[in-house]
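Heads up, the next two complexes both have subunit A, just with different partners, subunit B and then subunit C.
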Partner chain A sequence: MKKVRVAVLSSLIAVLMVALSLVVSPLAFAQQATPVPAPTITPVPPVARPEGSTEVVFWYGLGGNLGNVVQEVVNMYNTSQSTYYINAVFQSSYDDTINKINAGLASGDLPDLAQIFEAGSQRMIDSGAIVPVQTLFERDGMMDVVEDMEPAVRANYEINGTLYSAPFNSSTAMLYVNRAAFAEAGLDPDQALVTYDDVAEYARALTVRDAAGTVTRYGLAVYAEGWFLEQIHAVHDAPIGLPANGREGERMTEYAYNGEVGVTWVEFLKGLVDEGVAVYYGPASGGSGAAASAFVNNQAAMHFSSIASLRGLVSSAAGAGAGVDVGTLYMPRAEGADGKTIVGGASLWITNVGTPEAQEGAWDFIKYSLQPEVQAFWAANTGYYPVVQASYEDPVMQEALVNFPQFQVAIDQIRLTDITSANTAHVSGIFVPYRTHYVEAFDRYMRGEFATAQEALDAAVAISNEQLTEYNLTAGG
Partner chain B sequence: MIDTADRRERPPVPHSLPYNTMVYALLIIAAIVLMSPLLFALSISVQGPTMDPRFIPRDLTTLDFAIFARVFEDEPIISRWILNSFVVASGVTLGVVVTSALFAYVLAYFSFPGKALLLFVALGSLMVPFEATLIPNYLLVASWGWTNSYQGLILPFIASGFGIFLMRQYFLTLPRELYDAALVDGCSRFRYLWMILLPLSRPAIATLAVYTFLSTWNQFYWPLLVTSATEWRTTQVGITIFRNFEGGVVYNTQMAATLIVMLPTLVLLVLGQRQLVSGLTSGALKG
Partner chain C sequence: MQEDVVSIVAPVSAPVAYGRQNALARWWSRPRNRELLMALLYSSPALIIFFLFTYFPFVRAIWLSLNITNQRGEPAAFNGLGYYLRVLSLDGSGRTDYLQSIGTSFQFTLMVVPTVIIIAVGLAVLAATRVRGIQFFRLIFTSSIAISLASAGVIWSLIYNPSSGATRWVVELLNLGVPGVLNSNLTTIPAVAVMSVWSALGFNFIIALAGLQAIPEDLYESASIDGAGGWHKFRFITLPLLSPTLLFLVIIGTIGALQAFTQFHLLIPDSPNTVFIYETFRAFWYDNRYGLASAMSIIVFIILITLTIIQYRTLDQRVHYQ
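Entry: the complex of A and B
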């Protein structure tokens, strides 16, 4: 009996194998005929370390294609001189990079240079293990470079009048729109400043239903993301944290995103979803992927995302072949609000634990990374802003602006109004946890577990403030 | 090893053609469902850099199988990561099996004051969450200068409360008379463990080994913390470099790299499955 079974099983396997090979082999041949275009920067292995050079350990948290560009910039630096050698070590994510630094404070296992996101600024300052780059700019008489920085970008990393870290990769949030759908519906995709009412009207006009009444394209894709809440506060010039986003001499002591600005924003999105002209895709990472996918497939005509994802969206839209023409608008706002958005991304921090030579090496790399042509190369290959304005005169950057006119809208958006502490990223020791609490409350509100937006945000603010108080106590504020 | 399953008389089972067809149809459906995450990963890998992957690729004529080669071109060091994971997972597995067997032998066969306490200490270690010991362990390992080393990756895991308990329970199911008879015949205690007890416990050892190997292979946070040089990473930490975020989430390289580092564990599972399944059954019957 056992033998019979084995025979049946093996013949079954044989059949499956034949079927598989029939399916797979033509595909294997087919792919050779039409190669898929490679990404702009293919990863380059690190260059070898020259004899006698000083090693500078650099931790970074940007993976994937963007991480390849980081390694490329490091290679460019390493081959441009032989005194220092930057050893770039990827640390899995922004979050893991700063967590490793926190653990390393006790053990002494720290890098000489680290790429940290703006959410980590307060924790880096509190670590007591850093050298504010401003002292080095002043020492070397290089404040003209600081003066030339994009004002919004510089303001982001200048806390209480001190530039702590050197901006490296900076982006902002945009409302992406399908220009083709706008044209069809007779809407104007070039009016960049849009109000909540405009977006609601667009969403209604862009929503398409089939004969049975099922929606085939929503007006707007929505997902839960803390960064957008910060952007919305900035455009209304309202601080998300008190006092003054933690930027005017005093440490931030409470979150205030349960005010009118926050509540209106969350209610606005929920209202469109309830009306059936927007679709909610869930919390952050998974939700943003699903929303992007819907956008490039013409299943949603508007979508919120970082300007850094412009290239990805444009090429995915072309690949999807659903006729989506990617455009960008400013983040929407209440009638009368004309504020700029805030800058996200990461900056370079020098630690004070290494040898003086290694610290000099870290500083030397920062100076290199701020050169206009390096910033132009970086921006043109990633979709981040050049952090120094001189880069806009570089031919590489000019060409990128011609190829991606949507990028100009993003530049205009961060230059809309003067810098205030309310339209600059807040500084808090519990930045990441606060976003988690907000995203959870937002998600529960969208799923109907909270009756009102006010209730949801009140709950999130309460937990955030509890944690913030605790952080401030332990950090010795 | 005595295969009790084969000795039993089986009741005759009807094997008509429709019956077989139905059974196999169900099995094939179950297999496809179980395999679907892997198939989806494979499908995403070969679809090129798109933010919008489908389960069935949109265009079957432009599948990009070269992506797997590109993973090795992009990060040639991935083979070193796989080697690291192998050394670490094997080291931890060997350590856990040895320490668990020895400790369990003592607990199962010897009587001495405080034995119950020892068992509770071993079990108690299961109640302490990994996160609570993470930082103290890290500081200790770092103070010995063991960051970026195999010993730093292996040592904190070579004793396991779960392993001790599993082995002890298994040892207790074996007849005590064997032990007495062996000792009467002049067998030393260590020889009994080595020549009789361990061979009889192969099912339990295999279960413990496979479990330990897989969970060590999949570790993320500890290897991230104690390694800060690219060449000392294990696969799970290393492959995060393929993850895109902050601008254009495309999954193809990430999925290809994930499949590559999963392959060794799949091979292990396929090779070890017979042992594992027969082990689990005979263990169950004896209990």
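Entry: the complex of A and C
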């Protein structure tokens, strides 16, 4: 009997060892790898609400450092006057903010003011629950502020002649490059306008293999992201949706991103991955984080991201200590294309569900947020560029441009060409879902489930249009 | 009693109003009916809650599933069985995306349920032996029950993260050619299944251990006297007497695995290969197609109830109750 017990006990210990190793090994490995040191971000606390002030509930979707700057701007406003009090409530992401608003339309739980990205514009307009800010600009005789807005920014939020929401934070997509790696490989990191061929050539030159042939640094980090598909269509001045991106009076009735522009873009990325000079990190949320981490740790020399990530990438690269010098280029394009990119970021929407006082409070905060010095403070501390041009005369902004010349590349990029409906964000009731359909098809193509990019995009367009037709049917368009 | 007499005599020529009042009185006079009313009264708190939060939403989901909804989630256009046909790929579009996710759900369930039960029973057999310090091991085997799926999902997303390198050996062993196990079709669902097995182990272990401890010791003693070895005792005593427990675990496990959501939300929120429940959530939360999502949830309901009935019918015949 004793023998049996010993056997049982030893097998128990074996099981325990296996279980333990499962827990311990990731930690051991984690020490070997050099992940980005998580910046310790302590949330900025809100200031106290003064007695007798009108509360304005404000939903915003920016987290981390960006979210902190939002709270700082809100605090500055709240201390600047005592009539209104902005209660800023973080909603975890842009996507969750619009999804929560969509759900709130049914339940009646809506804020007085919301920060929504351009993907939510059509739904906000159709909701019937908003006050177009243009009526307030006109009422208060403040159209000069609208006139002073960055033209591309104004065009983005002015839909069929009406400015529905007030731009707050504006960005655009960039190709981030490691300038140190470029110098090493004898490439020019200052030539901002690059073609697909240029980027392919760079990727080959920047890929580094060790003696065993294993890649230690890829030329380019790739992840599935719908926003870049929109940017690529813009630089080629091709509408992603017909007619005219939904911007010329008629509601958009179909998606058309399975044309040459979309197919070339997706094939370009897949080709580099297949060639072994780019690495694919998967779909949007997880993929972008992994790609950014690879970029700042010098495991990938080029990376696509928003200009709003500039400050974060610069400080992460410094923290990682892998010698990465962050630079920015325009989004790559086919030979001969010289178009501007689309304005990203978000705008502020006033809802009509609150009391008239709360609506006035929301409007008052918008007026404050558009003051040149507030926009300069906002831009200098984040990575967004100012939405009003007067901010460029502010010393804070001028200093930021000197310290971070990468900003200027983004500003130049959105001013590259004249504004057309094709290089302005499209307007569609299924903007957020279309992105997931594209990301899914892109991911399936990268996983080898689709033989060609054309098949993948055809499938995504088909399901997007199925849903768009349904939406337009119920939205009465 | 007097009321009874009146009711028997009166109806013949009574006016309508009188007759109705009379019928009511007659109904009330029966003790069974009065008990029924009292029963309803006492159970009304539970009934109201069930009605509001279960039956009403269920009926509403059926109605919504037949309609295209507007932004506010109200039915806007009648769609008949359109969404059901779309999901089951019977609408002639040839699109099988949702049907595939139903397949993935079953694949995931087949990976998780048998694995977790086999490991749990194995561990329970080990932990049922009476040796010193066994409580310590019982505690360890149970520990995953104390970790919520959300926390477990965060832990495992770290383990599977390409930059942590913990699963790099799997990527290299299988020559996946992608950064992490969650990026390859070959390993995405198995990786989520491994995490789910780990997470469900504690609960299954406790139930299996309790089942084992309920088996009378004398059966084993008499089997030993008859010369039965360890395997024979397990095969002919433990397994048959544990079968009610196993049936319970299989049914609960199957329902749980087919309804699994959290781990998919945390580990592979954007993956094209995911389970039907997650597709339902996407249809609701990302696509705002409340009608479609309702149809999908009704389909889940039908699948679950059918499966449970089949499992119960077929497996119950093989279960030995003491």
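What we mean here is this: the second predicted complex is superposed on the first by the 431 of 477 C-alpha atoms of A that agree within 3 Å, B and C clash if a C-alpha of one lies under 4 Å from a C-alpha of the other, contacts with A are read in each partner's own complex, and residues count from 1 in each chain.
The rule is simple: contacts are C-beta pairs under 8 Å (C-beta built on N, C-alpha and C of every residue); 3 or more make two chains touch, one makes a residue touch a chain.
Every value quoted in this text rests on a predicted model; they were computed, and no experiment measured them.
Once the two complexes are laid over each other on the shared chain, residue contacts for A:S127 go to subunit C alone; subunit B is not touched. Once the two complexes are laid over each other on the shared chain, residue contacts for A:S293 go to subunit B and to subunit C alike.
In the superposition on chain A, contact of A:P395 is made with neither subunit B nor subunit C. In the superposed model, A:S171 lies in contact with subunit B only, and not with subunit C. When the shared chain is aligned, subunit B comes close enough to touch A:S315, but subunit C does not. When the shared chain is aligned, subunit B comes close enough to touch A:G67, but subunit C does not.
Contacts of A:G323 after superposition on the shared chain: neither subunit B nor subunit C is touched.
Residue contacts after overlaying the shared chain place A:A106 against subunit B and subunit C alike. Judged by the touch definition given at the top, the superposed model places A:P45 against subunit B, while subunit C stays out of reach. Subunit A residues in contact with subunit B (one complex) as well as with subunit C (other complex) are 4, 8, 12, 30, 33, 35, 103, 106, 285, 293. Of all residues in subunit A, only 1, 4, 8, 12, 27-28, 30-31, 33-37, 39, 42-43, 45, 57, 59, 62-68, 89-93, 96, 100, 103-104, 106-109, 111, 171, 285, 288-289, 292-293, 296-297, 306, 308-313, 315-316, 319-321, 345, 382-384 touch subunit B in the complex they form. Chain contact summary for the complex, subunit B toward subunit A: residues 10, 13, 15, 20, 24, 46, 48-52, 58, 60-66, 73-76, 135, 138-139, 142-143, 147, 224-225, 228-230, 237, 240-250, 253-254. Across the complex, subunit A is touched by residues 68-74, 76-77, 93, 95, 97, 123, 126-127, 129, 131, 133, 137, 140, 158-159, 161-166, 168, 178-180, 182-185, 198, 269-272, 282, 285-289 of subunit C.
Here subunit A touches subunit C in the complex through residues 4-5, 8-9, 11-12, 15-16, 19, 22, 25-26, 29-30, 32-33, 35, 95, 99, 102-103, 105-106, 123, 126-127, 224, 279-287, 290, 293-294, 430, 432-433, 436, 439-441, 443-444, 447-449, 462-463, 466-467, 470, 473-475, going by the rule given at the top.
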